[in-house]
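The first chain written gets the first letter, and so on, giving A, B, C, D, E and F; residue counts start at 1 in each chain.
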Amino acid sequence: MGMIVMGRALFVGRFQPLHRGHEYAIEYMLDREDEIIIAIGSAQENYTPTNPLTCGERIEIIWTYLQRRKLLDRCIICSVPDINNNFLWPRHVIALTPKFDIVYSGNPLVLLLFKTMGVPTHKITEIKKDEYSGTVIRNKILRGEKWRHLVPDETIPILDRLNFENRIRMLGGIYRIFHHEKR
Amino acid sequence: MGMIVMGRALFVGRFQPLHRGHEYAIEYMLDREDEIIIAIGSAQENYTPTNPLTCGERIEIIWTYLQRRKLLDRCIICSVPDINNNFLWPRHVIALTPKFDIVYSGNPLVLLLFKTMGVPTHKITEIKKDEYSGTVIRNKILRGEKWRHLVPDETIPILDRLNFENRIRMLGGIYRIFHHEKR
Amino acid sequence: MGMIVMGRALFVGRFQPLHRGHEYAIEYMLDREDEIIIAIGSAQENYTPTNPLTCGERIEIIWTYLQRRKLLDRCIICSVPDINNNFLWPRHVIALTPKFDIVYSGNPLVLLLFKTMGVPTHKITEIKKDEYSGTVIRNKILRGEKWRHLVPDETIPILDRLNFENRIRMLGGIYRIFHHEKR
Amino acid sequence: MGMIVMGRALFVGRFQPLHRGHEYAIEYMLDREDEIIIAIGSAQENYTPTNPLTCGERIEIIWTYLQRRKLLDRCIICSVPDINNNFLWPRHVIALTPKFDIVYSGNPLVLLLFKTMGVPTHKITEIKKDEYSGTVIRNKILRGEKWRHLVPDETIPILDRLNFENRIRMLGGIYRIFHHEKR
Amino acid sequence: MGMIVMGRALFVGRFQPLHRGHEYAIEYMLDREDEIIIAIGSAQENYTPTNPLTCGERIEIIWTYLQRRKLLDRCIICSVPDINNNFLWPRHVIALTPKFDIVYSGNPLVLLLFKTMGVPTHKITEIKKDEYSGTVIRNKILRGEKWRHLVPDETIPILDRLNFENRIRMLGGIYRIFHHEKR
Amino acid sequence: MGMIVMGRALFVGRFQPLHRGHEYAIEYMLDREDEIIIAIGSAQENYTPTNPLTCGERIEIIWTYLQRRKLLDRCIICSVPDINNNFLWPRHVIALTPKFDIVYSGNPLVLLLFKTMGVPTHKITEIKKDEYSGTVIRNKILRGEKWRHLVPDETIPILDRLNFENRIRMLGGIYRIFHHEKR
């Protein structure tokens, strides 16, 4: 006779923006765990080509998505600013998030760093990586290609209210306020 | 024939720990607004006499409280680390939180700083300040007095699991790792 | 019968070094406004290939230039260190500069970020961008080409006293103290 | 037959606000030197009881004062954020200011730290320290006493436009956004 | 029949200056362990009343002491700057020090924080705390009392070369460069 | 009749990992000076492709090497985190290291920055730069080539215990936790 032990999982992403790959990961974890923590990484970054949305905008998108899907009582949203010290990073995440039992990730460095701390990990096989990716979505916008099918429907009204498409185009070729040409 | 315009309010606190004063503020705002953002300030502080809980522990306590009260679909929890620049601080809060229409606070500096940014504010009259206060609760623990009636019942099991009482006593007279006697 | 309303404009640059493009922008703004604030960005950067001069050296060059041109009573020099948070950056600039009415810039991100704050902006069309540019000047020095005609005459004695040419050559291929080869 | 060697002096203050003691120091230095650098310390601090003005507001006050006194062609205004490393601090000041020959100060730690770097120093004997002091002025405002005679006349219209008196009263008992009671 | 298992211990102090209490702790640990790591905390602090020596000066004093005592092949000196996050601090120490098996300390917060990380700890009972203390030594110097018997003889020539007595007196009443009177 | 004046030299490196080029530099300096300071730069970096080892691991490797070579009484190991201000950097190094008389380096920027501070410098001609280089060693590991002959024999057991080879391969293509694709 078996026993099912479930718990709380941590998942870290940048969510620039929340896309169908994240949606798949959330569903995958909710099938296996009681509750999940969705941690927004690089929280201090915003208005750059790779991090166009502020942390608050990303919270709004994820919270609205979970509200529409009636998942708020199983999902906890947190934010995690970068620290430039990879060895310290998992402990920094633990300080900023509720207790969890396991880390799910498709990112090998995330898995490596938590293992170094003795935290159980579970590798997620990312699906359709050539489409379900923030980079791909942002590049499609820059090239004027279709991208709305790659994000959850619930998030499109917020992205439109935030002028997401336009912001991506404005930030297009600019990275820092001052162009450091040799960097 | 009237029209009721409601919106989303921001409330910032340290929640060391969540107490009945916060509970009152949350209820007060939910009576007046559609949704509220509960922002955890001094998020980077932990294991000090005035900030004993980590940010993640505070999220856990608030999230569990809201879950039990079935308020998760009207409340968004966010975290805000300190920046030592008061003029910048309201913009820093805005970067880390979803869009809001008004700031509720009992803290005159919070109200002043948001007004300086042109953000609408609403002063909350704090009730029973001599009891409903993190400082009072932590001091009661240090003096061995009763304190559990000052926090929401739903949070006591978590505080006990975190050894809150014991942690407060351990941190009692210590502020920083190294005692800077003249500071 | 018309009324002329003038005010105070903000202009942000890195001034590595002050060149004829900046000179043109200063004259352009002084034609339209009472007073201008010249804010030195990336103030904390120095002795790198793209930011060879210290903030203090840049202040000295600009102040001397304005003194010779008898413009000190219409121009205010300020310095602005970088913060790695673009959404916060305009508020950070406001904290570090006297009150201004409008931002002039040729940089689309500077214009976008101030617009997001509700600050009036005025786009300057940069002239002779393939010559009037800090990058072009620094590259000319590295290739041993003529560059002195690209900076205001008043600044050449200071640049020479600072061994500007030699410093550029010394910093040539080096960016950070330690070579992070894959960055 | 003598020779008069003059140079450029550095003076660092917080200017919260510019007062008659600073005015005296500026006149004292201008009697002895060709040019002076007025460096605004603790530049990142603002909206606190001891540092009520932003850096930009302090620049505005000093610049306007110097403009009215026709001193702008002999005085250079700079700003210097704090670094919490006293041994590094003089080098940090040097990075942010034009070349100078000597440091004038009434503060023994400023003199000690620059001497440690081998920089010539000149002790200013502060006059009427029990009146010509930012602390005294801010405390007089808190107690409702007369204070306007302690600051240069030219600065009063700006202080009034900034609601200086009211800001001091609002910030009165508050230091940080969150009251850290045992600090 | 017993087995003796020894290992490497960590000891963290500020060493302002190295005194006979530290000497006792070092001997105590060397009796019980193969090797010890002597970690200098608050490494970034210097030229303040409570942290008068730079990190480099503290390394010089400890290294010379160990060299004279022929202990360099059993002791490893490291430096640890502060981070204002107590929960992260033990991991930060681990990143900056070689592998160790146990933490020795007389400081209850150091012991608590390492226990939270699952690191074995050993409480040192401090001896003669009313004399063997950096605070006591610095206060004796300020009051002109005898203090040289409280530090190891080997360190006195270096302290004298560094003008330790005089530096303490100069820093006496001054804490920060700018006097923040209400802090 | 001559007089030999020797002193203490400073050498700064990243030691990712300690290799035969560093070994040659250490021997070269020990032939010319009484004592040397070995300062570990970019101390805060770890678990990245260019900085795979933590500061503590690098201290362990260097200390063990010096212990085996019986050089601990002539060599002082220090660590130096990066500051992003090259002009300040030499003073920052001085704050973190014991007194030294001269800087030895093969890095032209290190030599330039210390000269700017008035510190004597000595250029080391690096030998076999196409082999004795951290970058070369890390790249050889990534390509599966032989590399152990490029590091001192004494360090191989520690590198193996740290799974150095495997860590390099894991970090291979990853730089930051989040892939900032356009950086």
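Rule of thumb we're sticking to: a residue touches a chain if its C-beta (ideal position, glycine included) is under 8 Å from a C-beta of that chain, and two chains touch if they have at least 3 such contacts.
Bear in mind the structure is a predicted one, so any value in this text is a computation, not a measurement.
Both chain A and chain E are touched by B, F. Of the two chain pairs considered here, C-D and D-F, the higher C-beta contact count falls to C-D.
On residue numbers, the B-C interface is repeated by A-E, which shares over half of its contact pairs, out of the options D-E, B-E or A-E. Chain A and chain F have centres, each the mean of its CA atoms, that are 37 Å apart.
Note: centroid distance chain A to chain B, computed from Cα atoms, is 26 Å.
Averaged C-alpha coordinates give centres for chain A and chain D that are 46 Å from one another. Within chain A, residues 46, 54, 85, 87, 94-95 each touch two or more of the remaining chains. Of all possible chain pairings, those that touch are A-B, A-C, A-E, A-F, B-C, B-D, B-E, C-D, C-F, D-E, D-F, E-F. Across the interface of their complex, chain E is touched by residues 44-48, 54, 170-171, 174, 176-183 of chain B. Contact residues on chain E toward chain B in their complex (touch as defined above): 12, 14, 41-42, 49-51, 82, 84-87, 89, 107-110, 112-113, 116, 135, 175. Within the complex formed with chain B, the residues of chain C that make contact are 85, 87-88, 91-92, 94-95. Of all residues in chain C, those touching chain D in their complex are 43, 46, 54-57, 59-60, 63, 67, 72-73, 76-79, 81, 94-99.
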